[in-house]
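Several structures are given next for inspection.
There are two complexes below, and they share subunit A, which is joined by subunit B in the first and by subunit C in the second.
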Partner chain A sequence: MTEIWQTLVTYLQFPFVQYALIVGLLVALCSSLLGVTLVLKRFSFIGDGLSHVAFGAMAVAGLLGVSNDMTVVLPVTVLSAVLLLRTGQNTKIKGDAAIAMISVGALAIGYLLMNLFPKSSNITTDVCTTLFGSYSILTLTLSDVILCGVMALIVITVFLLFYHKIFAITFDENFANATGVKANVYNLLIAVITAMIIVLAMNFVGSLLISALIIFPALSAMRVFKTFRSVIICSAVISVFCSAFGILFSIVIDTPVGPTIVAADILIFFIFSLISFFTGRSTKA
Partner chain B sequence: MSTMQITCKNAALGYETGVVVKDLNFIISEGDYLCILGENGSGKSTLIKALLGLKPQLSGEIIFSEAIGKNEIGYLPQQTIVQRDFPASVQEIVQSGCMNRCGLRPFYNKQEKQLASDMMKKLEITHLARRCYRELSGGQQQRVLLARALCAARKMLLLDEPVTGLDPKAANEMYELIARLNREDKITIIMVSHDMNAAVKYASHILHIGGRQLFFGEKEAYLQSKVGKAFLEVSDMGGDEP
Partner chain C sequence: MKKMNLILTLILTAAVLSACGTKSQAAAENPDSAVTAETVGNASESEEETVIPRSPDADPNADVDLTTLTSNMVYAQVADMMYTPEKYTGKVIKAKGLFSVYHDEAQDKNYYAVLIQDATACCAQGIEFIWKGDHAYPDEYPEIGKEITVMGTFNTYEEDGATYTQLLDADLTVNS
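Moving on, here comes the complex of A and B:
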């Protein structure tokens, strides 16, 4: 036990571990804040869809030889988010079908492009890294950390400023509209910051696992807590805790970062489900 | 003569693709209890949107008096699936009715919090303030949403099928509560309903639509009219929708 502790302390002195922790915790915090709203609005899959779009955009960015992937990935993902959330209600192609279509399409085209115009000799590793994050979080530079910090700050500020509005339109969009709250504007806002979070989280846990980061803390918190505010706070705490645990665990035991964090999230979900099961029974009895 | 709050002149409502309901001519005055009757597809929900100012009329006029601004109608929408398992306390929900008073201010001020607790007191749900919305009974949930609507506007309430899904006792209580608000607080009520019996018992005016305006006037006149008698017969036979 002391041995593990020793290793941990040694690792924590390396800047790349510190960077990973800072970025990881910020991403976890942001995704959990939005997660509650997305789950309640029945948009759980949007994380999945958008991350696939981001994957496709990344492949295109590689193809174009853009020096910084972000300049392509962020606008494309934001645009897709706006389209998906806006057209959710009444279009010819229904919300879930639209998400499925766009996400699978982007994934296929992305992989196709990567194969046609390979950046490196080892495509399988490239793809695997993009999809599952693997160790890329441990190769972050200081500028990555600053970029992430700025984006996280924007997301958190927007969320705090519009907390009550986000609550109102999540709970009852019709009522909000009827009383003169511009629900569409706020839906757009939610779409944009969701896309930002996904681009942020992509380097961290990888395309395929982002949804887990968004939905698991929210679902766990909703098992036990009963007011909107406590659910949000609890989900943020769970998310940050699981990420910290996941990162440290993966450094010490040498496992891939993304899946380790998600595994921790799943574990917490089961624990909270059990708590809810037992407390639910005792109040009924 | 009480003051007019909404005047509808020759209004036609619908979408670009076609008119849903036309020839609307009615006046809603302060303290009225108007019941809007009609079958599914008769244009009720389109009319609601127009009254809430969410959808402009195709032709004709809908005039809101000075006292009733466009967004100052308290609205009690039908429950959505999202709300059934929503983790929120009663207080959070009632306060969200004050949203339109906030503008861009991110938090509620003292008056708004006070207003929310006053409305909870009025609807006798103060003891539920910290309870979770999804754990309440159907009748209690409707009271919560009614309190929220009252926070948004205190002169006029628009209720969309307010007793859907309630058991008969809770439905009755809900109707009595609405009637009390109308009687004691002089709140104008516009209720959209299938429930003919409730309309006959509580409403002061009836608006019956079905693609166009079939009847508008006081309840007594409606009961004597041809369309009223026909509709009443169908309802008595239990042919009405659940």
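Moving on, here comes the complex of A and C:
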């Protein structure tokens, strides 16, 4: 135990481990805030869908020879998010089907393009890193950390400023509209921020992790807490705790970072489910 | 409405920032397994970080001993060496991995490297080295894929307009 602690203390001195912790915690916090709203609006799978869209857009940017692929990836992902979240329930293809369709479609086209027009000699690494995060969170630079800090500041600011409006449109858009809340405008805002967080988080931790960060903390919190506010606070605490635990555990015990964080989230979900079972507390998701 | 304007301004600022930050992200996404990884260093960032932390059981003769780190840390440390090589230039690096050779047909030249696998074996990284003394290939070199330990001085060099990294005057040990 002492040896593990000593190893952890040594590794925490490395700048890239400090960067990973900061970015991991910020991404976890932001995604958990958005996660509750997305889960309650029945858009749990949007993280996965949008990150696959970003993956496909990245492959297209590579094909087009765009030096800065974010100029393609960000607009495409934001547009997809807007289309998915704004169309709501009054469409021929419902939300879950639209997300599933875009998700697998973009993934297939992206992988196809990456194979036909590879950007580098190692496609396995490209795909592994983009989809599963692999070790990319341990290779961040100071500019990545600053960028993530700015993004986190924006998400938290938006959430605090529009907390009541987000609450209203999360539970009943029609009622919110009737009471004068411009639901479409706030849906657009949520869509844009969701897309930006997902694009950034995908670069940092991969699409597998961002999906889990959106879904698990919110669902775990809903097992035990009943009010919107308490679910959001609990979700943020769970998400940040699991990310910190996952990052530290993985660097010491030598497991892949992203999947370790997801495993921690799953464990917490089961613990909260047990608490819910024995105490009879739960909120329907 | 003022709130919305403020938020839109913040989002636009973030969008501009995210576009600026992608070169380093792109580099981070793809630490290629090519034997001689091209470096993408950023001098201004690396100047802030001059002290390289060491593991307590690290070889005292090496400034960076990769053999005592977990594979996650090795991956991150090697990536850092590729992105910010100026931080490591002149430092003695010790690494363990599989012996690998890349033959450049155009120049009829061999490049020798130690290939470091990660835990999932999907994101291997190679460090080129120049073995101290005169050695004939293949007679005196280990078999390709044999586990070796090399210790040499970190250096960068330009070739065909690109910057590459290597370990100079390296000691090579074949692990049993």
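Everything below uses one rule, namely that the second predicted complex is superposed on the first by the 272 of 285 C-alpha atoms of A that agree within 3 Å, B and C clash if a C-alpha of one lies under 4 Å from a C-alpha of the other, contacts with A are read in each partner's own complex, and residues count from 1 in each chain.
Everything below uses one rule, namely that a residue touches a chain if its C-beta (ideal position, glycine included) is under 8 Å from a C-beta of that chain, and two chains touch if they have at least 3 such contacts.
None of the values given here were measured: they were computed from a predicted structure.
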Joint occupancy of subunit A by subunit B and subunit C, clash or fit: fit
First (subunit B), second (subunit C), both or neither touched by A:227: first
Per-residue touch tally on subunit A - higher for subunit B or for subunit C: C
Partner chain(s) touched by A:163 [first = subunit B, second = subunit C, both, neither]: first
Apex subunit A: angle to the C-alpha centres of subunit B and subunit C, given in degrees as a multiple of 10: 170
First (subunit B), second (subunit C), both or neither touched by A:40: first
Partner chain(s) touched by A:243 [first = subunit B, second = subunit C, both, neither]: neither
Touched partner set for A:139, first subunit B, second subunit C, both or neither: second
Touching partner for A:192 - first (subunit B), second (subunit C), both, neither: second
Shortest span in Å between Cα atoms of subunit B and of subunit C, once chain A is used as the common reference: 6
Interface residues of subunit A shared between complexes with subunit B and subunit C: 161-162
Subunit B-facing residues of subunit A, complex: 40-42, 160-165, 167-168, 170-172, 174-181, 222, 225-229, 231
Residues on subunit A engaged by subunit C in the complex (per definition of touch): 6-7, 10-11, 13-17, 20, 68-71, 74, 119-122, 124-126, 128-130, 134-136, 138-144, 146-147, 150-151, 153-154, 157-158, 161-162, 185, 189, 192-193, 196, 199-200, 203, 250-257
Subunit A contact footprint on subunit B (complex, rising order): 52-54, 70-71, 73, 75, 77, 80, 82-83, 85-89, 92-93, 95-97, 99-100, 102, 106-108, 130-132, 134-135, 145, 148-149, 152-153, 158
Complex interface listing, subunit C residues touching subunit A: 3-4, 6-7, 10-11, 13-15, 17-26, 28-34, 42, 45, 48-49, 53-56, 70-73, 75-77, 79-80, 83, 118-120, 122-123
